[in-house]
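As written, the chain order gives the labels A, B, C, D and E, with residue 1 at the start of each chain.
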Amino acid sequence: MTAANWIWLVPALPLAGVLVNGLLGRRIGKGGVSVIGPGVVGAAFVVALALFLELAAREPEARTLSQTVYTWIAAGDFHASAAFLVDPLSVVLMLVVTGVGFLIHVYSAGYMHDEDRLGFARYFTYLNLFTFAMLVLVMADNYLLLFVGWEGVGLCSYLLIGFWFKDRANATAGKKAFIVNRIGDFGFLLGIFLMFGTFGSVAFADVLPSAASVLEPGGPLAFWICLFLFVGAVGKSAQIPLYVWLPDAMAGPTPVSALIHAATMVTAGVYMVARSHALYDMAPAVLAVVAGIGAATALYAATIGLVQTDIKKVLAYSTISQLGYMFLGVGVAAYAAGIFHLVTHAFFKALLFLGAGSVIHALHGEQDMRRLGGLKSALPVTYWTMLAATLAIAGIPPLAGFFSKDEILWRAWDAGHPVLWAIGLATAGLTALYMFRLFFLTFHGPFRGTGEQRQHLHESPPTMTVPLAILGVLSLVGGWIGIPPAIGQALGGVPNAIESWLEPVFADTHAAGTSQAVQGAHAVPPSEYALLAASVAVALLGILAARYLWLARPELPTRIGLRLRAPAAILSNKYYVDELYDAIVVRPYNALSRFAWRVIDDGLIDGLLVGGTGAVVKWQSRVSSAWQSGAIPTYVTVFFGGVVAILVYYLFG
Amino acid sequence: MSEIGVGHYLTLSAVLFTIGVIGVLTRKNAIIVFMAIEIMLNAANLAFVTFAMSIGDLGGLVMVLFVIAVAAAEAAVGLAIIVAMYRHRETVNVEAFTAMRG
Amino acid sequence: MSPELQELLVAYRVVRPALLPVLPAAVLTLFGLLALLVDVFELGRTRGPAEGEQGTPIMAPYLALIGTALALGCVGWQALHLAGAGGPYFSGMVVLDGFGVFLSGVVLAATFLTLLLTIGYSRRHDIHLAEYYHLILMAAAGMLVMVLAGNLITIFVGLELMSVGVYVLTGFRRTRLRSVEGALKYFVLGAFSTGFFLYGIALVYGAAGTFDLAGIRDAVSVPPASPVLLAGVALLIVGFAFKVALVPFHMWSPDVYEGAPAPVTGFMATGVKTAGFAAFVRVFMSTFDGLADQWIPVLWVLAALTMVVGNIAAIRQDDIKRMLAYSSIAHAGYLLVALIAHSDMGTAAFLYYLAAYTLMTMGAFGVVIVMGEKGTENTSIERDYAGIAWRHPLLAAAMALFMFSLTGIPPTAGFVGKFAILSAAVASGHVPLAVLLVLTSVISAYYYLKVVVSMYMWSSSREPIRSHVPAMAAIALLIAVVGVLGLGIFPGEWVEMARASVVAVTGLP
Amino acid sequence: MTGVAIAFWVLAVVAVLCSLLVVTSRNPVASVLYLVVTFFCLAGLFVTLHSHFLAAIQVIVYAGAIMVLFLFVVMLLNLGTPQWFDVATTPLTAVALVLGVGFVAALAAAGLGDFEPSVVGPAAGVPPDVLGSTEAIATALYSAYYLPFLVTALLLLVAMVGAVVLARRER
Amino acid sequence: MSFYLTTILFFPILGAAMLAGIPGRNRTAIRQATLAIAVIHFLIALPLWWLYAPGGAEYQFVERVPWIDALGVEYHLGVDGVSVLLTLLTVLLTPLAVLGSWRYIDHHVKEFHILLLVLTTGMLGVFFALDLFVFYVFWELMLVPMYFLIGVWGGEQRIYAAVKFFLYTFLGGVLMLVGILALYFYHEGATGAYTTSLADLLATPVPGGLQLALFLAFAIAFAIKVPMFPFHTWLPDAHVQAPAAGSVILAAVLLKMGTYGFYRFAMPLFPEAAREALPWIAALAVVGVIYGAMVALVQPNVKKLVAYSSVSHLGFVMLGLFALNSTGVQGSVIQMINHGVSTGALFFICGMLYERRHTYEIAQFGGLSAVMPVFAVLFMIVTLSSIGLPGLNGFVGEFLILVGMFQSHPWMTGIATAGVILAAYYMLRMFQSVMFGDVEIEANRRLPDLSGREIAVLLPLVALIVWIGVYPAPFLARTEPSVDRFVERVTRTAQPVSAGIAALEAPSTEAQSPPGAEPVAREAQP
């Protein structure tokens, strides 16, 4: 059948973009690049859409396309192909990646126009490369290829964070991102090794179906495989304890933050866990860990987000927090819900970042909220779109965030984790609070910037505002693909589109999730409505609190800060985690390395062993030449000594 | 020969030889060192003659002739060397000649 | 005439006198005498023109060369007739066998190279005397006698002929203190060791009742060995050990090598060693074969000491002649290992190694010789050899080749030789000795490399050496280079020859 | 006690004493003279061993030629007086004596003291006087030992040339 | 019998001879001539890629003629998949080395290039040899030119480094020589035939105790060359001091001789011993991986950093070899090539930096990306490949090694995998301080970007980096059968372990008589 033969196009198009921009970038100039760069991604989106329709047209069971491009590695028993798999799950991600990606590419064309030709081409090369890698990640039909994309996106994030490498800090941030990710990948690799050892293959088609039969539920193998894989996810998706790189990653250009560090790459972990659900179902313990870490991260990040003053930092922590939600979702085996939130989050978080970008753009790089304010009039488009996104993330119905977040909370409750639910709820409140803090500080109140900044205030060009608008719309309606039964029935049987779409992928899940999903179709327990109400209430509460604190009584936060100095300090210093890692990991390692070099290498091996031998030989040499006194009596005496020695050996020995 | 046996002669030669060796070891006057060496050679000669007689073979006796010839030759060369070295250092002290060492 | 005398006439008649075995030595003697006399009668003078000065050349050097070449020819002739004419001559005073012929070849090759190298040198250093060449030839004749000797007396007189000649050669530059000092030390210690050697002969004679090697072997073949015999063997070991400079009887050699004129040093390092080892190996491999269990342990210790001390002491030498002296001590240790292996394989290895060793050592000394200038020999590795590679590339390359060969790096003769000796040692189960050998040769790499380092990697701190290479010396070096490489890359025939020569060693009557 | 015995003991004692004096006396001239005496004693011992010819050679060549040569050099370099440096108290002397004792002990252990020939030579039957006679030695020298004899001749020539070369004055 | 290998082997010597004819003054002529020779040599050798039939006989293009009959030594050459790849790597790097040292070498140009060519022959000989004697000859022969390259054209400490390099390798070599001899005589004792032919020796299994001793004798020599911790300390000195081309060859090819030695000789000849030593060697390899990465981190000198990274990478290779399964060994073979390509490129890059600033001090650079964009791109790619980024060559090798080793030794593999993190740490740190940040040092402001020549040096390597990373199949296919044979041979269980060194003396009693000469009855010495 034909559709499958076109699969390779999806990643190939961005790759083509990479080659063109990378090799000819300087030749074709900014104009050419800003056509090619977004163009290829848009094209990829179209192909992805075609594939989606192709799938949609099929029976739920038949909704998988796959294409093997070539055999990549075949050595001994090990075998891995460069092969792509398009099924309901991956196609969703493909659409997000290409779609949101396309918008952000377009936006970037405007945002980066100040770069010189070289930088501009470089930027789009990286961005296309990222899209390519991300597509490989989501389309891979085996774990190794997935890992290729996995590291590929990591590389691009490294390159793009350090895009303005002239400032060492940016480069350092990029390095940090890469290395922390590597720590996660280390786990991922071990997971793959163990998986290969267990299943003799790393292809989804071999591993996932046979998981239930090969692995014993709750057995050590399942536990370790899943745990190792999850370590990878933790690194990539910036969860506790490996989240530290993401805030620093904000050093990159804002569109990059939007694409990589909000919409797509960081959600790869969620995708991977969802993709491996068959394994995770065998390891409930790990699922619990996932959920726990997710919830903890959500709350933890939210608290930090509360006090950050850098607009992008706030968004970064909010991203971490939202990712926590997603893990909470998949952690309670509500994979579809997790993916759903992934999608909606992609919409509104991308939008938030782009909006922030537009603000920063307008103020020539000002990111400190304490010097913003009252931009409402100056940046109308940005304002309204941001408002939509903020409401969405705050979880105000009927915006995108509401449905997905609520789905997760409800599933958490339903799966019998009231504690996790409570944490989620609290986080929801905090989210609303700090997001509106950001919103108010940025757009309302007096302008706190410099005079000449005020002069140059201007709305961004259409290349930037149009994507904003589109994403704004998506943030408004994006959630409607996942209307929960509770409301769906009220509205007259609107189905939970995404859930049923993903159903074939997660069908074999026999955890709490689906059982509910199935029976949820007809009978909705009253508790669900209560929960809905609760979360909405919390969200509104958060918004009101924000309004009171940062619009009505702007001096109040400072006073609170003075009142509770210690907690405030802890928060604004992000719980001193960076300092902690530096103290217990980085410094000791460097010291140990220095020791290995100076003491073991130079001192012990070279100095003592090698040098020592040499010294002994030289010393012996001195001794023997001391005997060689040059005086005949000595010589004859030694001679005679030899004679007597031999004679004695013969006649007395 | 009644109670005088081969052993006596050999012992004597051994003693003489050792005396010669000691001389070489202890004296620094090159000439006296040479003389000591001559004593060693003579000791060997005595041994040769003794053995030859006791075994009943002419070889030993002939050997003595060769040894004497060799002794003469060495004496000639050795003394020439002494003369040469004396020209350099005005001394025949072997320990004065330690330009080369180590 | 009394019946007893008649009896003696029969008992001591000369058996199988013939020219063939002694022909090379005879030729050398003849030309030696000619070299001494011709100039006197022709020109009434025996001193040739020194370097740079005019004057009719003397004939001695060329006579010597011709004589040596002829002698070599004779050796070849011997080799051809070996099959039929092998065996003892002159009542067993000399024995014509493959072993002897092979080593005669080596000795004469060494002599030939020495002569080629020495002509330019002796003119430069003003010892260009007929006597000089005469002595070289006579010493070589002595070596030949030793090499072929089948009787302790022959060994003794041959040894003395060689030694006395070399004593004088050592002191030949008598205007230089070091030369004379070398001669003094060599002479005193040499005479001293002669004493022991002689006494050893006496004791062996006493125990075996004869000087004839074959006879002795028959006499001592019945164990247990009498103590007198053992004492004799011990003293013989001492005598040989001195000649080939084994620790602890080696102490003369560094000083003598350093003091002697460079060509003579080379001659000592190769010819004298070869002759000494020839007699050594012949006596112990054939005559005292039965006593192997007695002498192997002693030689084992000597070999170990020699390799270790020789190599270690060489490390801190700056005078290249002295360094080469220690190096030749070390190589004596290696050769001894071949003897200790106590097998045909070992003896073959020994022969091969001697050939290789002679070539590379002569080569090395050849470079040392041409490095010299009028009045000075320029023997300081650090000062004189620094950076010569870029002024005399060929010379340096040759030296480097010899150094690597001495270290034992393929594809050089030195490597194959070491390989052969190691094989023999391992084959006889002397693995520890083999390991010691390779370890010490790692040490040796250090000081051989020092020369290369100096030539190629240091920059010269003195005014450039005006060393022109005399044609003769160039030929000699060429021979050495070709030989070292040839024996290294195509060792097949040579190994075969050595093997073949061995077969006859034990073939004493 | 036969005459031979007496002769042996007398000669032996004198030989040992004189050789000791040779290596101990400070004055080279004295040493030379003691050495001559030693040689005479050895010649005497040869006589007691019935090799009169060797005894004669010993006296003629050694005492006659070699010793004169020594004496000549001593005079030439006028070393006739005690040499300040030549005290026999080298730090090595002690070592030398110890080693010497060891050497003698070893030779003793080798059984030189009570040596009995285990083999019989080709001339075993011949009476000692004949064996030691000039004719006998000549017989062997010019037949069986002919080759080494020649070599010895060369040796003397070389020594002569060498001595000339070394001792000759600078031109 | 074709003389293809002989041609490849001695062509450089021929070229060197021709070079000798050119007057030393005319430097460019010499450089061009050498380049031409090297390129022709590459073209001569290139067909191996296609001519070698992976499925076919174990050794191909075999040449076998008697050399030293007396010792049973034969001139015996042949290649299998692994040696084919290493050969091609070698011949590819020589011309690049010439190009790379076009400016770098400014004195004694002629000698330099002659030695370079001789070196090539030495290295190829090692890869071709199927006879232990021949192998040893080339093993040592290769030592000499390298020693000169370091000692004459090296940096400040060059002499120390050169001598150290020489002594280290020589020490290992001579011990191996004793090992070879012991094997030689054991074989003679067992079969009565004197031979140093690998095939024949393989046919005669050696008893365990002796095996262990011999394995050690070989292993030390190879471990020094690899170099494995703790025998590695010659490497940093040699690398830092050697001229660019020298470092390249040293890293890219010479180090492989060690691992190749394990692959071709040490392990197949002594399988039981190899398996017995496996945990120890694997442990050392893991230590090497981590230790190398750590020490590399704190190096202030680019070259030294790369040198230590080699210690780390070669640790992976050793790990793969001792995985003793096809996957791991395949990976380790690929990794040999990878390391050759990537580290080779890195050393070229060091050379380019040095040509511009005459220092290797990392602190002396910074912000070069802005000044030299093209350089930045290539440098980045090479760096990433050395980090083992998927899609580039490094990953394929390391992954296969680790996945192979994991099956038997999960814990060690786990630790080794951490090396992947550390690699990223030290490489990126170095890259950042050299390339990123603002240009602080005036001298760096106007550095010229890569010249055409320099790009020509790096491009082939970068191409390989990508090719092997994206499509390693052709390489794997060529090595697979050989590797399978290797694995089969090493994992095969022979007769149980028995007599020790004694087994060495046992045959030696009759080992006395050499072939040819009739045996002489004589007791062996104790």
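The rule is simple: contacts are C-beta pairs under 8 Å (C-beta built on N, C-alpha and C of every residue); 3 or more make two chains touch, one makes a residue touch a chain.
None of the values given here were measured: they were computed from a predicted structure.
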Each chain counted as touching chain B and chain D at once: A, C
Centroid-based (C-alpha) most distant chain relative to chain D: A
Most distant chain from chain B, judged by the mean position of its C-alpha atoms: A
Between chain A and chain E, centroid-to-centroid distance (C-alpha), Å: 40
Distance from the mean Cα position of chain D to that of chain C, given in whole angstrom: 30
Distance from the mean Cα position of chain D to that of chain A, given in whole angstrom: 104
Interchain centroid distance [CA atoms averaged], chain A/chain C, Å: 80
Junction residues of chain B - those touching two or more other chains: 10, 20-21, 24-26, 28, 33-34, 50-51, 54-55, 57-59, 62, 66, 70, 73-74, 77, 80-82, 84, 94-95, 97-102
Numbers and ranges of chain C residues touching at least 2 other chains: 8, 12, 153, 156-157, 160, 164, 167-168, 171, 174, 183-185, 188, 192, 203, 206, 209-210, 227, 230-231, 254-255, 316
Overlap residues in chain D, where contacts from two or more other chains coincide: 90, 92, 95-96, 99, 103, 106-107, 109-110, 112, 115, 117, 119-123, 125-126, 136, 139-140, 144-145, 148, 152, 155, 158-159, 162, 164-166
Touching chain combinations (by label order): A-B, A-C, A-D, A-E, B-C, B-D, C-D, C-E
Residue ranges of chain A in contact with chain C within the complex: 617-618, 620-622, 624-625, 627-628, 630, 632, 634-636, 638-639, 641-643, 646-647, 649-651
Partner chain A, residues of chain D touching it in the complex: 90, 92, 95-96, 99, 102-103, 106-107, 109-110
Residues on chain D engaged by chain C in the complex (per definition of touch): 106-107, 109-112, 115, 117-123, 125-127, 130, 135-136, 139-140, 143-148, 151-152, 154-155, 157-159, 161-162, 164-166, 170
Partner chain B, residues of chain C touching it in the complex: 8, 12, 153, 156-157, 160, 164, 167-168, 171, 174, 177-178, 180-185, 187-188, 191-192, 194-195, 198-199, 201-203, 205-206, 209-211, 254-255, 258-259, 316-317, 322
Chain C contact footprint on chain E (complex, rising order): 66-71, 108, 111, 133, 136-138, 140-141, 143-144, 147-148, 151-152, 158-159, 162-163, 166-167, 170-171, 174-175, 177-178, 181-182, 184-185, 501, 504-505, 508, 511-514, 516-518, 520, 522, 524-526
